[in-house]
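Look for chain A in each of the two complexes below; its partner is chain B in the first and chain C in the second.
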Partner chain A sequence: MARFIVRRLVGMVFVLFVVSLIVFLIFNVIPNSPPAQRLAGKNATPVLVKSIEEEWGFDDSLPQQYLTMMKKVFTGELIQYSPRVPVDERIVEGIPATLSLSIGAAIIWLFFGLVLGYYSALRAGGKLDKFLTGLSIAGISIPVFLLAPVLIYFLAEKLKIFPNGFYVPLTEDPWEWFTHLVLPWFTVAILSIGFYSRVLRSNMLDVMNEDYVRTARAKGLSERQVMLRHVLRNSLIPIITLFGLDFGATVAGTAIITETLFNIEGVGLYAAESIAKLELPPIMGVTLYGAFFVVFINALVDIAYAYLDPRVRLGTSAQ
Partner chain B sequence: MAFDPRPEAAVPAGAPGGALPTAPEGVSASDRGPWYLAYKRFVRNRVAVAFLGLFILIIVFVLAAPVWATHVAHTGPNETHTLEKLHVGGEIREVVTPEGKPIGPQLFGAGGKFFLGADSRLGRDEMVRLMYGGRTSLFIGIVSGLITTIAAVILGLLAGYYKGWVDAIIARTLDVLWSLPVLLFGIALGVSLAVGGLKIGPLELSGGSIWVPILVISIFTVPYVARPIRGEVLALGQKEFVEAAIAQGAGSGRVMFGEILPNLASTIIVFFALNIANNMLFEAALSFLGAGVQPPNSSWGTMISIGEELLTTQPLLAIIPGVMILLTVLSLNIVGDGLRDALDPRAKVRLEAHAGMVEKEGTAV
Partner chain C sequence: MSPAPLLSVRDLRVGFATEGGLLQAVDGINFDVRPGEVLAIVGESGSGKSVTAQTIMGLTRSKNARIEGSVMLDGVELVEAPDAELRRLRGDRIGMVFQDPMTSFNPVYRLSKQIGEAMAAHRDDLSKQDMHARAVELFEAVGIPDAARRVDDYPHEFSGGMRQRAMIAMALALEPELLIADEPTTALDVTIQAQILELLGQLNRDRQLATILITHDLGVVAEVADRVLVMYAGRVVEEGSLDEIFYDPQHPYTWGLLGSLTRLDRPRPKRLPQISGTPPSLLDLPTGCSFRPRCPHEFAKCTELPALEERTAESPRHCDRCWLSSEQKREKRQVGGQIGLEAPA
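Let's look at the complex of A and B:
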């Protein structure tokens, strides 16, 4: 296990390096307009552009430029230029909202996905099955930016069941925090519920044919025990990888759009506002931190996977 | 289509995977060939056929944009009508009220002008923008789908055929790209290019060009198609017909493109359809955030982001383009699934494979 963890962490460091190189390529190297001009933003004065050019050392060699960029990002010297605010200050401010949104949504889609998947596996071919197939196709087809306006318009504007957007910190008022997040949570979660239940269902149908399930039945366990202790537990393992990927993609992706639609002042809304102003430093910061977060989560998930499934840590399937 | 192989070369009976194609047609099966069988199977899938029809309708709808613009709406997609008045029935109404509220849907009340109302305080014709925006969205989806598929097939073939260090480099790069948060990197690249444009040798793109989102989307969706194709090439490389070709003295190019590629045809077609759907969602997300199609051009994504500001008073402005995206993507997904069923009845992984997370199960028994 220790060997696997070390190997996985070394891999993670390598990926982090590649990720930072890609970000560097995107913002500093792409051959187009002068990078200082791009970083300064649309209405920058020549003086500002000049000072950015010196600050970032755009005349230096590329490796030197890379180091300058990394130093700036990780020592809090990355600054947005209009108005002048350190980027990581704004990012830290947004983290509670973004995590509230993502974690809540993840809990909802896991819970409903697993419960529905479990029952549809017990009655494979039934009505629930058809419904879930439909839901999962809809899930990969409905864009968040259709679902959110519809929910906001009907449930928040017309029926006034839920508040329309904005974020209330958990520490300020837990109930308001909850009611303000219900719609955003379900907007993100609904799209994944169908998919997760389908995956769990097909995993369970595979596992049900395993020899050890027959053995469990043969030794007289109740059907419920066979299902929960043997079939379900083994079917959950592959879900972990999937969940890691999706959770990362939610934090560093779906959350940006959802926060914009619901006016939730998280990291995603900050990124979206910077995009609208075509301001690059915040986008650089959010991209790097977001990608690092995703890579880190993926490594954690792989380690969890290896812990649960010895085949991974000992053998062939670890690349 | 670029990769359409000659029918007789495609999916010979018994390959890939060694199982005989399920041939419910009985006698005619062997004389008509696998493409005919697949066509038969597809046609029998009513839902898929219906959604193929819907997709064709959508294409016709967006292709009709210039006709509608010149003959019915008498305006272009980017023309503003802020201060104009409109004759609706007997009364005269402002296109945009002094408070900045755009006029609602008129249907044919104003002779087809402002059929779906005006889009914002700029007073542009929503229907015309919807049609032209659909052209942009579909164009970006289809072209980036083509680029992604071609690049993915080439990378998948090289990695799966040569193995060794070629495979190591390609597969590892794809893995890294695959695990990145695509939307975030799409935004980063999209904004960086939108601000400065792109100049590589003779290739020059201005920041507002729709080739910027096409490029961004193509780059970041390649791994989703290339990984499963590589897996399939690895499996096909073990097959007897490949050994036979090599034994007959065929070079690597010949084996890759003459022997293996035709056997990938069904996979490629399915992934192409699903990839377009995926790319259109990607484009809409980028454009919605302002990192894709740049104003004044419209795409369904930019229209949602404009319409969303008026959600409380004019909800249709955000919802209609959203519904168009939904219908297009849904029809492509269902057609793609139908194609998979028709071309490869043995594939037991359906939706799962779409998300790129379950690679096709090794069909070799």
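Let's look at the complex of A and C:
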């Protein structure tokens, strides 16, 4: 197991290296205009452009330029130029809000997705299953940018059950933190609830036909034990993979739209603002941060996967 | 006098409602199994042999299934029994071994845990240590070397033959009186098959287990069975002792099965013999004898379904469903100097 974890972490470092190379190429090498001009922002003075050119060493060889960029990323010298603020500072400031949003939403979607999927599979073909199927298709079909305004309009503006947007740090006031996040959480979660319940349902229906489920019944296990220990347990394995990808993507991507709609000062909102103002250093920083999260969470998931499925641990496939 | 039967099946009928109508998978079968006896149920795919076995265990119960008749285990009626009562019998008094040992274990749990689970389902006075010790004992009993260490392996760390041994160990965990083995050797290669059959035979003798062996392979039957039931399209077409079935078979279908065995002690035929045609659809059975369309000896009487009854004077309890007279049978089953079913004209 330890060897597996080490192998996976080494793989993760390699993937991040490749991502940073791609970021370097996209931002600094491929575009057909002076990179310093773009880094400086829309209304930069020639003096600023000149200083950026020297600072980033755009006259050096490409490998040297890459090293300079990475040095800036790691030492916190990657800064946005108008106003002059270190990018990593802004990202670190935004992380609590973004993680509050993503982790809370993930818990909600896993819980509801699994519960609804489980009961849907148990009653496959029945009325409850049909109802839940309709519900999840609806959940999958509603776009976030429609769902969020609708929720805000009815629940925050009209009924005033929930506050309308903004983020209150957990350390400041846990209750306010919670109430401010309920709507954003569900906004992010609803699509995944629908999706996960569908996936779990079909996984379970497949697993129910497996020979080992029949064996479990032949041993005299109760129907509930058969369902939980054998059917559900084995149906969760693919869900974990899906979760790794989705959670990474939520932290690094979905949060951009939701944070913008709810005015949550997280990394996503920072990214959205930077894109609107065409500020390259923050976009570069946020891209690397997003890549780090996706890769890191996938490494964690692979480790969890090895725990759930002993066949993965040994590097051998089934049979 | 042989002991009283442990399991008595009377007029068992199992049908499934399908879109094409009622599919009668098992159509009125009768048999007894006594302690220490091996009953083999033989037939092609779709003959109803597995459905019979699974119905005894209550595994075919579903909304679509129609189960009628009687299955008595030691005086207890199983067909009418509530689900919870059947569940208590499964794994405790009836053990089952399945066809494919590769897929019949859950890949994510250690074998000791899966065997312990079978015990925990029926006994709540066993500690984890007791169950583990018992699992090791069982592994030793079925001939798995280094049992104490291997018992904590995962299924994928075992070879096919070893997995089938582990499967048998699990079925025996609570010392059942009845063991149902559903094609236990079909997924194994021939040398391993022989070992597994030997193990089943030995357990049957040592523990006085009543054993139902389901197979399509007459070679397997010859190794271990005491009595044989030949099934075709949901009905028993012939029933008798091992010797009766092999040396004095009465039904043309049995002749066909025997004739299609490859024999190493005879010159090799140009083509391996086979029974021509395919089994009938259970949704659209021919009237009368269901083997009629494939039978070269068919005559007018065959449109009437023959009852399963004793038709040979010399051996009682040897029953079959064929209208041919004993003399005709003795003459017609001889094909090229051995028992077989002649090719249709």
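Note that in this section the second predicted complex is superposed on the first by the 298 of 319 C-alpha atoms of A that agree within 3 Å, B and C clash if a C-alpha of one lies under 4 Å from a C-alpha of the other, contacts with A are read in each partner's own complex, and residues count from 1 in each chain.
What we mean here is this: contacts are C-beta pairs under 8 Å (C-beta built on N, C-alpha and C of every residue); 3 or more make two chains touch, one makes a residue touch a chain.
Predicted model, so just to flag it, every value in this text is computed and none were measured.
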Practice task
Evaluate whether chain B and chain C can sit on chain A together after superposition, giving fit or clash.
Solution key: fit
Practice task
Using the superposition described at the top, determine whether chain B or chain C touches more residues of chain A.
Solution key: B
Practice task
Please work out whether A:10 is in contact with chain B alone, chain C alone, both, or neither, and reply first, second, both or neither.
Solution key: neither
Practice task
Based on the superposed arrangement, let me know which partner A:284 touches: chain B (first), chain C (second), both, or neither?
Solution key: first
Exercise for the section: Figure out whether A:253 sits in contact with chain B (first) or chain C (second), or with both, or with neither. Expected result: first
Exercise for the section: Could you look at A:202 and tell me whether it touches chain B, chain C, both or neither (first, second, both, neither)? Expected result: first
Handout entry: First, second, both or neither for A:62, with chain B first and chain C second
Key = neither
Exercise for the section: Report for A:225: first if it touches chain B alone, second if chain C alone, otherwise both or neither. Expected result: second
Handout entry: Contacts of A:233 with chain B and chain C, given as first, second, both or neither
Key = second
Exercise for the section: Would you check which partner chain A:215 touches, where first means chain B only, second means chain C only, and both and neither mean what they say? Expected result: second
Handout entry: Superposition-derived minimum Cα distance between chain C and chain B (Å)
Key = 14
Exercise for the section: Give every residue of chain A touching chain B within the complex, in rising order. Expected result: 15, 18-19, 22-23, 26-27, 30-33, 37-38, 133, 136-138, 140-146, 149-150, 152-153, 157, 195, 198-199, 202, 241-242, 245, 248-249, 251-254, 256-257, 260-261, 271-272, 275-276, 278, 280, 283-284, 286-287, 290-291, 294-295, 298
Practice task
Flag every residue of chain A that touches chain C in the complex, lowest number first.
Solution key: 210-212, 214-222, 225, 229-230, 233-234, 237, 308-311, 316, 318-319
Fill in the blank from the handout: Listed in rising order, the residues of chain C that touch chain A in the complex are 57, 59, 87-92, 96, 98, 100, 102-108, 117-118, 121-122, 154, 156, 167, 170
Problem - Of all residues in chain B, those that touch chain A in their complex - result: 176, 179-185, 187-189, 191-200, 277, 281, 284-285, 288-291, 301, 304-305, 307-308, 311-312, 315, 318-319, 322-323, 325-326, 329-330, 333-334, 337, 349, 351-352, 354-355, 357-358
